[in-house]
Each structure stands twice: as C-alpha cells, then as structure tokens.
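Okay, so here's the structure we're looking at.
Order as written gives the chain letters A, B, C and D; numbering starts at 1 within each chain.
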Amino acid sequence: MLEVEVSGLKFENPLILASGVLGMSASSMISAVKFGAGGVVTKSIGVRAREGHPMPCVVELPFGLINAMGLPNPGCEEFKEEIKKFKENCDAPIIASIFGGDPSEVREVARTLRDADGFEINVSCPHSDVTKKLEDDEEMIGDIVREVKKAVDSPVWVKLSPNVSSIVEIGLAAQEAGADAVVAINTLRAMIIDVETGVPILGNRIGGLSGSCIKPVAVRCIYELYETLEIPIIGVGGVTSWKDAVEMMLAGASAIEIGTAVMKDVRIFEKIKAGLKEYLTKKNLKIEELVGRAHRV
Amino acid sequence: MLEVEVSGLKFENPLILASGVLGMSASSMISAVKFGAGGVVTKSIGVRAREGHPMPCVVELPFGLINAMGLPNPGCEEFKEEIKKFKENCDAPIIASIFGGDPSEVREVARTLRDADGFEINVSCPHSDVTKKLEDDEEMIGDIVREVKKAVDSPVWVKLSPNVSSIVEIGLAAQEAGADAVVAINTLRAMIIDVETGVPILGNRIGGLSGSCIKPVAVRCIYELYETLEIPIIGVGGVTSWKDAVEMMLAGASAIEIGTAVMKDVRIFEKIKAGLKEYLTKKNLKIEELVGRAHRV
Amino acid sequence: MLPRMVEIKEIIEEGRDAKTFILDAPWLKGATPGQFLMVWIPEIGERPMSLSSSTSITVKRVGRVTSRLHDMKEGDFIGIRGPYGRGFEISDGKSLLIAGGMGSAPLAFLSERVNKFTALIGARTKDDLVLLRKFSKGELLIATEDGSEGRKGFVTDLIDEIEMKVYDAIYACGPDGMLREILDRAKELNILHKLQISVERYFKCGIGVCGSCVLDPSGVRVCKEGPIFRGEEVFDSEIGRYRRDASGRRVKYGNSKRI
Amino acid sequence: MLPRMVEIKEIIEEGRDAKTFILDAPWLKGATPGQFLMVWIPEIGERPMSLSSSTSITVKRVGRVTSRLHDMKEGDFIGIRGPYGRGFEISDGKSLLIAGGMGSAPLAFLSERVNKFTALIGARTKDDLVLLRKFSKGELLIATEDGSEGRKGFVTDLIDEIEMKVYDAIYACGPDGMLREILDRAKELNILHKLQISVERYFKCGIGVCGSCVLDPSGVRVCKEGPIFRGEEVFDSEIGRYRRDASGRRVKYGNSKRI
C-alpha cells in the first residue's frame, strides 16, 4: 500500500535515504534498505577523489545538525564498484548523487555511474565552492541537466538549494532543461562559533543546517514548488516521524528523503512506514492521494 | 561596561527589543526597557492601519516559532503618539521600524515618526506581499534608503532578509545608498501543515520562522556581512542566552536584537546582561573587542 | 504547542445565542479556571475562548468564527492549543462571583473549585443568561437589563444587595465597563487586593509574543501575565477607558462592541 | 552535543611518543571503557581518541593534530564531545586483554573494571609500551618486535603462552592485522562470542551520520554501533583486509599506516 512511482522509478515505499548520510558505501546503503528504506541516494560523487573539509565537520544541536563534510568521495571510477555491489544485493532503486564544476564534469560522472537507476544532480551543497556557486545559476543548472540527460537514459533529478531568492525559479529552470523531478531541500547555509575561544567550530567555518529545525522551510519550499512545477517533487529536510513525512506529501512531495534522522536511529524507515500505513488506513486514503492535498483547501 | 554606540546611537547595553515582538504600544516597549533592554525597535509601521493576516498567526514549535502576523499596525499617524509617550517615559533609544510599498510611502512614514531616535527599514518580512517583493531588489532598497535618508536626520538601518541568494549583496546595496547600519536577520520563510486535516495552519499559509533554530543561519549571515560591509551590523535571530549574544558579536554584530525569546520571559534582557558582564570580566575584554573577533582567527 | 484536533463530544444549547462545546481533551484536566484556549476551525479562523469547565468552552455567536462553530455538530473536530494564561487564584473562604454576559463562562468553571460563594449574574435579557445551572450550588442573584429575569438593571446594581466587604475573594468577568465599575467600588472599600478580574483584549498569538493584547500603562500582556489580574495590578489601567483593535488602534470604550 | 572546552589538568609522558592527558571533565565519570571522545584543538582539527580512564586520553604523536596536542601544556584547554559509541561489556569472570601499540589506551581503562585478568601487551619497541602500570594488578605479558622488552615478536605470539579458552571474556584493541589474527584464532576455538574488539576506522562525524567509518559488508557504523564489536559481529568483515581513507577509497591492509 506504500508503493510509489516517481519519474518512472518504482519504490516499495516513499522513504529514501538522503544523499550524504551513510551513502559512502554499498554496505551502508544496503543496510538502509534492510531497515526499510524504499530506495537510496548515494553520497555526492565527483570526477576525482576528494577528502572533504577539515574536521570538525559536524556540530550537533538540540534540534538539528550543522555539517561541513565538503563532499568527500572516492571519485566516480572507484564508486562504480559500490553501485555494482549494491545492485547485486538489492532490488531497491539506487540514485547516484552527482556533482561537478561544469556540465562536462557532471556528465562524465553520470556516464561512469550509468549503472545507477537514476541520478540526482547536486547543485546545492551550501558549503562547497563547487556547488555553492551553482545554486542560483539557472543557466548553468539548465546546461548541466541537458548534458546529463544526453548522457544517460535513466531519470534525472535536480536537488535544489533553499539558500536562494526563489527556489521556484530554479526549479522551473531545471524542469525546462528536462529534469524528471526536483529534490527539495539541501541544507541551510549556517555557522556556529565557540564562545569560549571565539573560533568558528567547523573546519570549513561555514556549513549546512539539517534536521528537524529546517522542516518548516522544507515544507514551504515544497509547497511553493508544487504550485508551479509539473514534474514531481521529492521532499527532504528534517523528517523524523511519520507526521513529518505526511506533512511533506500534503505539501506536494511524491516521495521523501531522510538524512539526519538516520543518525540517531537507522530503523527510522520501518517506524515511519508503520505510521504511514496506519494513517492511510485511518483516513482511508491511497498514498498518491496525499500528494499536494494541502493545495486543495 | 556594556555601553555600545551604533551608528551614533548610544545604548546602555547592546540588547534591543526586536521589531514586532510586543512593540505595538509605548507601554510594552517601556516595560522591555524596565526589564533591561538597552533600546527598542517598534512594530513595523506603515502609512495606513492594517489588521494583518487572519488567525492563526503563530504556531509554536519546540525550537522556535512560525508567525504570520502580516504587519498589523495602527498606521503612522496614530503611532506617533506611542513614540511620544515612550520618549516621555524612557531615555533608551527607540528605533521606528518602517515599511511601505515604494520609496515615497516609506519616506512618509519616516517623516511622520521623526521623533524616533532612529529608523529600521523593514524590507524583509517574508510573509507580507509588501515587503516580500523588496527583499532582493537591490535597486528598490537603494531608492528607499536614499528617500528616507533625505527625509530624516537620525540614523537609518536596513533590516535584511535571509531568504535571498546573497545577503551580502543586499547589504552592500543598502550601504552604498547611505544606510548607517544593517540588521540581520528577519525570519526564514516557512510553513506548517496540520496532518489531521491537511490544512496549512497559519491563516496566511506561509509565515516566518524565528527562535533558537534560526540562530545558526543568523550567525552565518552576520559573519558574511562583516567580511564585506563597513557599516555596523545589528544581529538578530534566535538569541535566547548570553552565549548566543556573545556568539553573534564574535561573528560581527555591534548590538543584538531579541524577539521570540521575550515571549517566554520578558526578563531575558536582565539575564543576558548578567551573563555578558560575567563573560567580559572573566575574559578581561571590553565589549567592543568582542565585535567580529571570530574573524581574527 | 501545535493546535491539536479534538472531537466535540457534546453540544449544549445555552439560551438564545450561546452553546457549550464539551471536548474530548482529557489532557486539559489540569487547567485552572480563568485559563483560555485558542480555538481553531481549519480554513475559518482561530479565536480565544475561556474554559467554562476543564473540558468545555461556552461560546456566543457573534461573528464569522463563532458562527461557524455554532454550525458544527457533535463528532466534528476543532483544533485547540492551550490551556494558556494565568488562571484565578482559588480562595478557601467566601467568594463573590460577578459575571456580565459571557463572563459567566470562566466563572462557571471557577464555581466548581470555590467552597462557599455568592454569584451575581447579569445579561441583557433572560435568553442571554448562560450556565446558570453551574451557579446553583451557591447563592445566586440575577439581573437583566430588560427585567425579563431577576432584578431589572445591570449586574453591578446587584452589588448593592450584598456586602462586598465580607467576602474573602471577589472574582469578576464581563465587559470593560462592568470591570471598571467593580474596580472603582473595590478601590473605595480598600479591597482591591481581594479582587481578581478576567480581562479580554484582542488576542492574536495568545502566547505573549505579538503585543496585541498589552494593557496601558504597565505593558502587561493579558494573554500571558493575565487574563486574570488582581485589582491593584490593573486599577490604573486602560480598562473601561479604551482598548485596541486588530490593527492596534485605540478605540474608546463605548465605541467598541463587547467582546 | 557541542564541543565543550576542558582544561588539561595533568600531562603524563608515556614512553617516547605518547602522552596521557588528564582532563578536568567530571561529567565523563559515567563513561564506559571502549567509548571515545572527539577531541578538538581550535583552529587545528578534531580527532577521535579512546578514553584511557574515565577522564583521560593517551595519545601517540603521529601527525598534525596529535603533534599539536603534544605541544600543549597543563592548564591549556581543548574541546571535547562525547563520550560516544558502545563500550565494552564488562565480564565478571576471568578476562584476557590483548593490546597492540596504542590499543593499550581503551584496555587500560577496561582494566579498572574487570576483576581477574591477564594482559598481553605488545609494541614495536620498549619505548612504545604505554600505560603498563595500569595492567600491573593482573598478570602481565609483554612482547616487542625488536625484543627490547619481554618476548621478541608480535603480541599475538604471546597467545601461545596462555590458554585462550579458559577465559570468560577476551578483549582486544590494536592494528587491523592483529585483530584479524585474533578473530581467526577465536573462530578456530569456537569462542568468537567471548571476544570483544575495539575497531578503528576513519572517523569524521563520530556520531553515525557521515558513513565514513562503516564496515563492509554489514554496513555497521564503527562510531555508533561500535567501536566495540563482538567477534561474531565482525568476523566476516573487512577488518584486516582493507579500510577506507578520508575520501572513502578502499586501501588494502598493509598499504595503510596503523591509526
């Protein structure tokens, strides 16, 4: 009863592991599926190996997390193996999150990782120089999408930044360039300073805020996108309970990605699935009837 | 030991009541000063009386608040009296928060409220049609600042939105137009939907997120502005303790505004003052030495 | 606190224009008389309502939101947040309860908690008297402006029929003019400290952040430091002189409808 | 949890390249042996370190951050977050402790909590033996690769001098190769369930979110589900075969320096 189809991909349930959380290896993504995820997005992968930002790269807050991982990844050649291993062990769709400084770089990554079931182009990591400058560059985003679409046959999603004046315009640019879905949102650009020493805590100083505190911003972005876009929206940002997942779907999300909440509890997928089922039964609704329901009133 | 001077205005301490929180009448602003505020900013005032958005206009979250008041205010003619009454009873500076759809409207409000010690131009309320469209319009913001500067002699601050691609560019536009300081940040554009009914809770559907959860975004904005701007920055967003106030000053704030935290406790100003004093004593620092200290490392 | 959807378990007609809504909200059991809820009807609006018992509100049909509430049926759902605000301090001694119009609502709840009381209840006309049953365990005096029940006149006229000074605590809720008269009388008798009144102002947030309900000149928030105040806390206040409307404009008393 | 600045109360030199830092952090008293801290030197970096007692860490100078830590003095401050991770399950019976190199650190802490134990401690050379004093209340066997103290050879060679099977619990910490050998021996003797090992991987977040420390093929997070694992949980794992570096690339065992 939880099956959804998004941009031609079928998920056993709408809960997908978000990019960058545990997605560094096949084994951790397989374990997410074992714990109930309907699909997974990999860590964002670039052309070359990157170590990422210096540590500390996370700060835990009572209501969320600030991270500045800095897109560490082994490079697409090496990561090909992980996708292969995942697919050998798991039927759930695996979406490769990919990034790069220009369209040809991103295309190269996509081509190398073409075994993935779909692609999520990351143009929205707020603390990486590579992606930060793309986040509100509609033209460049359009170019990247077109290049990737030419290079692969599977669906292409674009992951949007909330750190822009109008997420809807960026979403429209992606749609016009041929994106099959948008993913909203990446983290909020944020920072924290230690008052004892006066030093910014994160090695990169600036990071991205995730977790329950950003959910109201994510819901707003999804709601706004749904008003204008025709392609599906995958919601992400601060989902920690079935209520959050339902709320995002009501706002317009066709599926949900979960990141930070996995930290405390990998079993979160099972828990949310159970809550979702109970809700649908009680309300006598089909899952697809949830999507965008808040716009009807 | 807590005295600060910002854009020529002297405050007994750097803690200022933020706009829109209790600032609807002289009496509530006087009581904020009685409870330790070094100054106050009024509710945002326009040319005509406005009732604001339909209720519900607030939703309380564990880590903050979403509000969609919709800039209710009695109009500048009527509000003149409140400023007069405040000044008859209180020596602390009173900053009139003012808004309008175009430069001449804002100028009219400023002129009517010229008894105020300073002005804070609100171009950043994320759920009011009037201000929402201004938030990233550098030209229009420049025009408004120039008009207001011509109309009044007292210092003019511009309150910036975090819901833009580059807060620094907006800050620069304000500075170039002659603003004496910038205030960062207003609320984050946000939304919440009731899962039982599928209805967006706020009467206006979309609102603004404030409170402790937005502090990491506010600190980042202040830090970025301090790197580029020459005029002072007043920090606001999620301050609930002396540590938060210190953190914002380390990031670059010359003074601090406090909004949502006043809800739970009007005595917050006294508490933060005590903490600040202890910190300065322990660290053997003057208050102005805090400002921007995190940039030195 | 998010609004929480609760079922209307029962609706009781109260006179002509009022209804009591009994809510399936067991967690309200700990509420104090005088506290209020913010009541939300999705897509329609949200309004402040005093608790008329630990799990009910009693609402007069006056405008958009209250009319819609009156159209609802048992089994329907509304959203509530609260209980909010400071309630009455309960006295062990002899209490005097004075209610004008819908002011009966919080005092009806209070009547469950005080030992011995006299209740002075006033309304425009017989059909506007609500919740009288709740006051029957004490001494009950009634006034209506048209004389259709009890003494003809205002509830404050009933004060002449009793001796205010003998009560250990005096509780009042009603229109500003009534409250002002009671404040004045209590002041004269030097018993302001015995008086607790429930104040109504325009509530937007209900949680002390927006400033819409603040009283001049002390700057207290009715929704947070109130809605129950001691006589001496508000004697000098705007009550009975003016109030503010939704935009914050001052409206002289007399121009404004009773809320 | 934010990093919390704590004072270094005391520094103890341990052989040639290691120091114990005793921290003024009384709230760590509840930590379990095997748990670790994320240790932050502002402007320099952050690194994972096992607790070598409830309020100390013992650190070998290997690179940028550990060198800087070694330069610090008593009275200086460092930031810590934690204690994190799953610690050892403490046995009531007879314990065998096997440490290679800096693996002595968590086992030194453990030695405070177990009753009767035998400790097998190995290092490259005499000067690399750390925290030996903590193991003196039990039976202590030493091995060095150059024979400068105790038996010449690897710590795993000491296993031949005792009877592994007689112990109720076996605890091990050290380089991957050593852990693999112990896993194999325990498997042979069918006592994998008695074995608990402390695993090191590249930690970035330390709290289970980044995926940098995950073990193949089970996908467990060393920082969260570990760093202490039962033998049967990790027998089939990558341990001793490969590990991942900071970028997530697999590095065959042997190519990587001991961490």
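Here is the rule we go by: contacts are C-beta pairs under 8 Å (C-beta built on N, C-alpha and C of every residue); 3 or more make two chains touch, one makes a residue touch a chain.
As the structure is a prediction and not an experimental result, all values here were calculated from the model.
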Chains touching both chain A and chain D, listed by label: none
Field: Both-way neighbours, i.e. chains that touch chain B and touch chain A
entry: none
Identity of the chain that, by mean CA position, is farthest from chain B: D
Statement: Taking each chain's centre as the mean of its CA atoms, chain A sits from chain C at a distance in Å of 51
Inter-centroid spacing, chain C versus chain B (mean Cα positions, whole Å): 35
Statement: In whole angstrom, the CA-centroid distance of chain C from chain D equals 67
- request: Please set out, as single numbers or ranges, the residues of chain B touching at least two other chains.
  value: 61, 192, 197, 199, 297
- line: In chain C, the residues touching two or more other chains are 42-43
Query: Draw the chains as dots and join the ones that touch; what shape do you get: line, ring, star, complete or other?
result: line
- prompt: Which two-chain combinations touch?
  reply: A-B, A-D, B-C
Message: With touch defined as at the start, can you tell me which chain A residues reach chain B in the complex?
response: 61-64, 66, 135-136, 163-165, 188-193, 195, 197-200, 205-206, 209, 212-214, 216-217, 219-220, 223, 243, 246-247, 250-251, 279, 293-294, 296-297
Statement: Per the touch rule, the chain B residues reaching chain C in their complex are 20-32, 34, 43, 49-52, 54-61, 65, 67, 69, 72-75, 78-79, 192, 194, 196-197, 199, 201, 203, 259-260, 262-264
- request: Name, in rising order, each residue of chain C that touches chain B in their complex.
  value: 1-3, 5, 38, 40, 42-43, 45-47, 77, 79, 81, 204-212, 214-221, 224, 244-250
